[in-house]
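My structure is below; once you've seen it, I'll send some questions.
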Amino acid sequence: MGTTPFLRNLWYVAGWSADLAPGDRVGRLYLNKPVVLWRDMDGQAHALEDRCVHRAMPLSAGVVEGKALRCPYHGLEFGGNGRCTRIPAQDKIPETAKVRAYPLVEKQGIMWIWMGDVERADPARVPNYPIHEDPTYAWRSAHFPVKGNWQLLVDNLMDLSHLPYIHARTIGGNPELHFSTRTQSHKLPNGVRVARHMPNSEPPPTYVDAAGFQGRIDRWQEIEFEPVLIRIHTGACEAGTGAYEGRRDQGFSMRGFHGITPETETTTHYFWSMATNILTGGVPDEVFEQTARTFREDQDVLEMQQERMLQCPDEPLLDIASDVGGRHTRQLIARLLREDGDGDGRRRPHPAAAPATPQSELTP
Amino acid sequence: MGTTPFLRNLWYVAGWSADLAPGDRVGRLYLNKPVVLWRDMDGQAHALEDRCVHRAMPLSAGVVEGKALRCPYHGLEFGGNGRCTRIPAQDKIPETAKVRAYPLVEKQGIMWIWMGDVERADPARVPNYPIHEDPTYAWRSAHFPVKGNWQLLVDNLMDLSHLPYIHARTIGGNPELHFSTRTQSHKLPNGVRVARHMPNSEPPPTYVDAAGFQGRIDRWQEIEFEPVLIRIHTGACEAGTGAYEGRRDQGFSMRGFHGITPETETTTHYFWSMATNILTGGVPDEVFEQTARTFREDQDVLEMQQERMLQCPDEPLLDIASDVGGRHTRQLIARLLREDGDGDGRRRPHPAAAPATPQSELTP
Amino acid sequence: MGTTPFLRNLWYVAGWSADLAPGDRVGRLYLNKPVVLWRDMDGQAHALEDRCVHRAMPLSAGVVEGKALRCPYHGLEFGGNGRCTRIPAQDKIPETAKVRAYPLVEKQGIMWIWMGDVERADPARVPNYPIHEDPTYAWRSAHFPVKGNWQLLVDNLMDLSHLPYIHARTIGGNPELHFSTRTQSHKLPNGVRVARHMPNSEPPPTYVDAAGFQGRIDRWQEIEFEPVLIRIHTGACEAGTGAYEGRRDQGFSMRGFHGITPETETTTHYFWSMATNILTGGVPDEVFEQTARTFREDQDVLEMQQERMLQCPDEPLLDIASDVGGRHTRQLIARLLREDGDGDGRRRPHPAAAPATPQSELTP
């Protein structure tokens, strides 16, 4: 397996709203296409093809002028819809003077972009993440470059059995505790949900420090995949107070948002946020840095893994018991890739490029 | 459009004579071929294939010995005609012991090289640039590497409407003044001539400082393309003294020489000189540096433009009104590429590789 | 000529035993295959495919645990035979959970690896180098990366006529002395032997300093190629004491071991040791550094040579008189490549990839 193809007809995280002030412009690749994100002086964010129609100059090297983005080379200007609005020293602006505009929606602090067929872009289907607007939570966000195919990051997050190894020096904890907990994976209509519950267990010291637990706790790790983002909810309540029936208001909650946007076949934009209901005054630098350090450990792993996969593209993978959530996710992705291909003949994934089907003798 | 192929049967600028002292040797790629330029101890400059016939070692890593260039690996020596003149520990030197010699002509401070068919190399057709020998001018030269196809540098210089944008912080000036001046482009038998005349206009402060104008001036910008170099003449005379009829002796003249030599498909040697009839005592560092800074701004633009073109090779370009000179130049280059192909079947440009024909709805 | 293909069914130097302590693991490419060398806590060295069977993670990023190597990602463990010995949170370990194990033999301070067909790996055919165990010699070793195809390093060592040029500032010496000495090359059943003898000659100052010669000497340079390593023996005895009949005990000996292991098509592991019968108390830093400096000069040359060969892959090479030993070696390699191809159809070298046959008009 070398790389998994792109799913095109989805809303992807393009960036964090707070990172793009009026007048800002930034050039990025999404799904291998050059895009300039920019915010006009009225505060509206836009996404355009990052290539001037005149001489192919990246518009992201230009400047925002009022409601327009101006090319740095010969001064052509473009509106948020991609139409050229000004050609210096020329009165008539022809129909063909336009660049591609990508649908962009801002919601809950996140900029979402649609890289697929424009007629299929439905703002009502932008994923929901109310935690970012919930006053009982404080949150902070980051944007990490990952030198690996997007599927590897999905695999990484859907199987937390890597914690005691990769993250031994950060959040790893005791391997045996991880292994003795049963992992349950459920297929959803458009997702996968993995849960690990540790009822009536001893609280770890960090939980005691954060939430002041005095007795035993009902603890959970819940991971939910939706193409292509992952929400991870970890936390605990006092034992027997109904955490597994949904009564968690009095408990300790950590919420991880993981937006996974392909940059190229072998690199990925990783947009993550962390939220907690304890530190409602704001997430202190040292807490944020500890999380960031953990995810940097994952970056290193994915880079090594990707490099080896490209060197040995024909070698199979082998599933183990803890891969149950990841396997369900790969099955869903494979189905979506088949369906996505129907909507756009040119981009139907070649059979040889389909995601690898690991050998599965070990599924529990 | 990715890149424009090479024109082979032309004299190209190889370098500046003053930069190659006796005993010097320098390895460069021209039109993707490794060449060593060297000057023997008698002062004669030569251009040889930069690859020893014995074990493919670059000769540019060797040393000049009298009239010969010695390979650094096993000591073979070669004369300016490419014939091996010495093989250590061996008496007989076979006919096959030779490297390719490229015709090289020195004239007016410029080394010119012929990379095409040897039998078509006519020293009488080396371009002329008498300004370098004119005692009423002082000049300085430079060699800039450009990370872009040679055509992009031609486009850049044939359309100076980019001045108010790219060079806003250096020589840009007032955009509106640029736009209100009519650009005239004329096809020549083997070139293109673009002229912008500003008769009876206010002199800019820099012109007043340099030449002491007291009243209005007749100002000109004249650009002449000849495959593949560009001469740019800017300047002014007192209004009504005959500047547009050729009487410019009493005026202020800036002469730019721009030698454009392909290095690879996506990189170019840019050899430029600037001359002026004002600073005949020599071009001071700060004046030279200001010009160099301007051209470095172009380097940055061409690099970004080339990168985007390689990422989106199938996307068309769109001509605008100010492209008239550039369009004439591209038409001439396309014709020369067709003719050049006739002389050497192996190198005939593939149709798919021909220079892009921009959409042309906007030509004035 | 671009590059010479790999000979697969040979024992290659994998590294120096002293460089791999218990618990150490190092990831390297041999013949383009990722391999992890590691030594278990009982002192046994192993070579495994450097790619976990689960998710393709490099095992060299893991840790040694007793007799096993543990993957850093999800904790799978592997024994020296490549079989998985532990999968966390899973009882049954399937047959397919294994990585490839490469035969590895340690002998005389050298680790030898077999990258070819496993059934042909015969430990009895591991090359012999008793100098490393000879108490009358002191030696030191190094591992140099070479940015060139392995054949270029073989060529370099089989033709020492490059000494007066490449090594003019280190061990070069007088060119004329080199040229006046006759080089004799003999084909062996599985090798080539080149000898240069200088009987009854003046001792060079370094020899006088090292060995205290008082009169004339019988001096020798003997180079022996065996696929793919080279032994170089240089030294001298008092004239007329029987050096050329093998009586060299009282003389001065320098022994060079040169293990040449392809890393990729264009890079090579160069494992060398130097031994001398004079400095039996150990090789001082400055003597070792002088040798290392010499070989770094070769590294630079091979890198330039390789780069040029890749740029001009279709250009022929030309043999000269001093290439007699190198030519015999290339003939042997070409024969072995034909034979090696028989054992493994997939890897039979393509005719176009066979080692270049230089033009040979000059053989003495």
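To keep things simple, chains are lettered A, B and C as they appear, and every chain counts its residues starting from 1.
As a convention for this text, a contact is a pair of C-beta atoms (placed from the backbone, for glycine too) under 8 Å apart; a residue touches a chain by one contact, two chains touch by 3 or more.
Computed from a predicted model, the values in this text were never measured in an experiment.
Because chain B and chain C carry the same sequence, their contact can be compared by residue number, and under half of the numbers here are used by both. A rotation of 120 degrees, rounded to the nearest 5, superposes the Cα atoms of chain A on chain B.
Note: centroid distance chain B to chain C, computed from Cα atoms, is 48 Å.
Annotation for chain A: no residues touch two or more other chains. For chain C in complex with chain A, the residues that touch the partner chain are 34, 50-51, 53-58, 61, 70-76, 87-90, 92, 94, 96-97.
In the complex of the two chains, the chain A residues touching chain C come out as 1, 155, 159, 161-162, 164-166, 175, 178-179, 301, 304-305, 307-309, 311-312, 315, 317-322, 359, 361-362.
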